[in-house]
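What follows is chain A paired twice: with chain B in the first complex and chain C in the second.
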Partner chain A sequence: MFPLSLLTTAKGNPMLIELKNGDTYNGRLVNADSWMNISLQGVICTSKDGDRFWNIAECYIRGNSIKYLRIPDEIIDMVQEEEMPVKDKNKKSFSHRGRGGRVNTTGRGRGRGGRGGRRGEGRGNDGRGGPRGGAR
Partner chain B sequence: MASALSEWVDKQISVITCDGRNIVGQLRGFDQVTNVILDECHERVFSMEAGVEQVVHGLYIIRGDNIAVIGELDAELDAKTDLDTVRAEPLKPVVH
Partner chain C sequence: MTSKPTVLDLEKYIDQEVSVKFQGGREVRGILKGFDPLVNVVLDECVETLRDPNDAYRLTDKTRRLGLVVCRGLQVSLVCPNEGLQEIENPFGQQPQI
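Then we have the complex of A and B:
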């Protein structure tokens, strides 16, 4: 699991972020990008020594300046739930790809390709009348 | 020995951060820049006056910038160690 996918899963949830300068920001995660830049809402900022507080409605934190993030424990389970269906979907869509190999067991699909086709037909031809399947 | 962090996924690891903290937890994930997911983690605060204080933290993402060392925790040795009797000078932050 990637730290950044855990972070994006945590969207909408409260979290604590400590910056490299020691200040901490408590707020609800609105958005996070692939640089770990973060926007928070309903923020309480605490100074390094914990003796001063600021109420901030909304703020944007550059990912660069983050030391660590503390997020609710249950988020880690939500990531797995969301990752698995994506994998399944990929597999499914993959199996729908390509043609042929289903009904006739020769492995050649119906239609285009194979030998034959429009070989030798002139340009002026209207394009109809060529053999359809793999010619045999 | 591990040549990559992937060998330690779901194992107990110990992280020493650039600000001199020691955080112990289960490695749940990591990425190219050593950002790390630590589950059920706690911080071990060392001092000369008292035994090791363990502060429970929960689920953490530690940014790679802030990590100095990562190591696998020897569970057997850890179970044998009585942290209340350990006295140690806290680590100094990394000087850049």
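Then we have the complex of A and C:
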């Protein structure tokens, strides 16, 4: 299970996010992307020392500034159920991305290594998908 | 994970007042005039909320006017609309956090 799979599975659920500056945000996860940028709705912001509170209709949090997230326990079961489809989806989107130029321009595809061995499997071009399957 | 490159949807806040918090503790509000995928943000009639000189993360009631500013995306940690923003009593009972 990957942190971001868990996070995408948690869409629509309430969660707590603490930022690096110590502020916490309780709200319903609307969307999250691969940088862990997050948009929340129905937010209650708590100051660092826990003595001031704000109500915020919605907010956008930059993934960069997140310290940690607390997610409802149930989500972990949902991820396991959805693991296969999620994996396939990722594989597709990542391979698109790779061919789209990101991996190629950065040379990252090669950097992942293990190409020789993977290639024989018929999916060798998918630099990111290969190791992902293996890790499961 | 998502097919969209970013979850950023600031389009709907254009020409509305938003609050922007920065890494390091500064906080400003202003009228959103523009933004980009890196979350560089253009604010008009921007006002910074000053902080306690002894505690960089504690805001005071004092403000200072900045006018038209560009907020550097790298330093932005949070953007939220000012509409519907209000300070409230502790909603969690005795315990401040869940």
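Quick notes on this one:
Throughout what follows, the second predicted complex is superposed on the first by the 84 of 136 C-alpha atoms of A that agree within 3 Å, B and C clash if a C-alpha of one lies under 4 Å from a C-alpha of the other, contacts with A are read in each partner's own complex, and residues count from 1 in each chain.
As a convention for this text, a contact is a pair of C-beta atoms (placed from the backbone, for glycine too) under 8 Å apart; a residue touches a chain by one contact, two chains touch by 3 or more.
All values reported here derive from a predicted model rather than from experimental measurement.
After alignment on the shared chain A, the placement of chain B and chain C results in a side-by-side fit free of clashes.
In the superposed model, A:Asn13 makes contact with neither chain B nor chain C. Between chain B and chain C, more residues of chain A are touched by C. Of the two partner chains placed by superposition, only chain B is touched by A:Ile76; chain C is not. In the superposition on chain A, A:Lys67 makes contact with chain B only, not with chain C.
By the touch criterion stated above, A:Leu4 is placed in contact with chain B and with chain C alike.
Of all Cα pairs linking chain B with chain C in the superposition, the shortest spans 9 Å. Across the superposed pair, chain B and chain C both touch chain A at residues 4, 7, 20, 64, 70.
Those residues of chain A that touch chain C in the complex are listed here as 4-5, 7-8, 16, 19-24, 26, 30-35, 37-39, 43-44, 46-48, 50-62, 64-65, 70, 90, 93. Residues of chain B touching chain A in their complex: 17, 19, 28-31, 35-37, 39-40, 57-63, 65-66. Remark: chain C residues 1-10, 21, 23-25, 39, 57-58, 74, 76-81, 83-92, 96-98 touch chain A in the complex. Contacts from chain A toward chain B in the complex involve residues 1-4, 6-7, 20, 36, 63-64, 66-73, 75-76.
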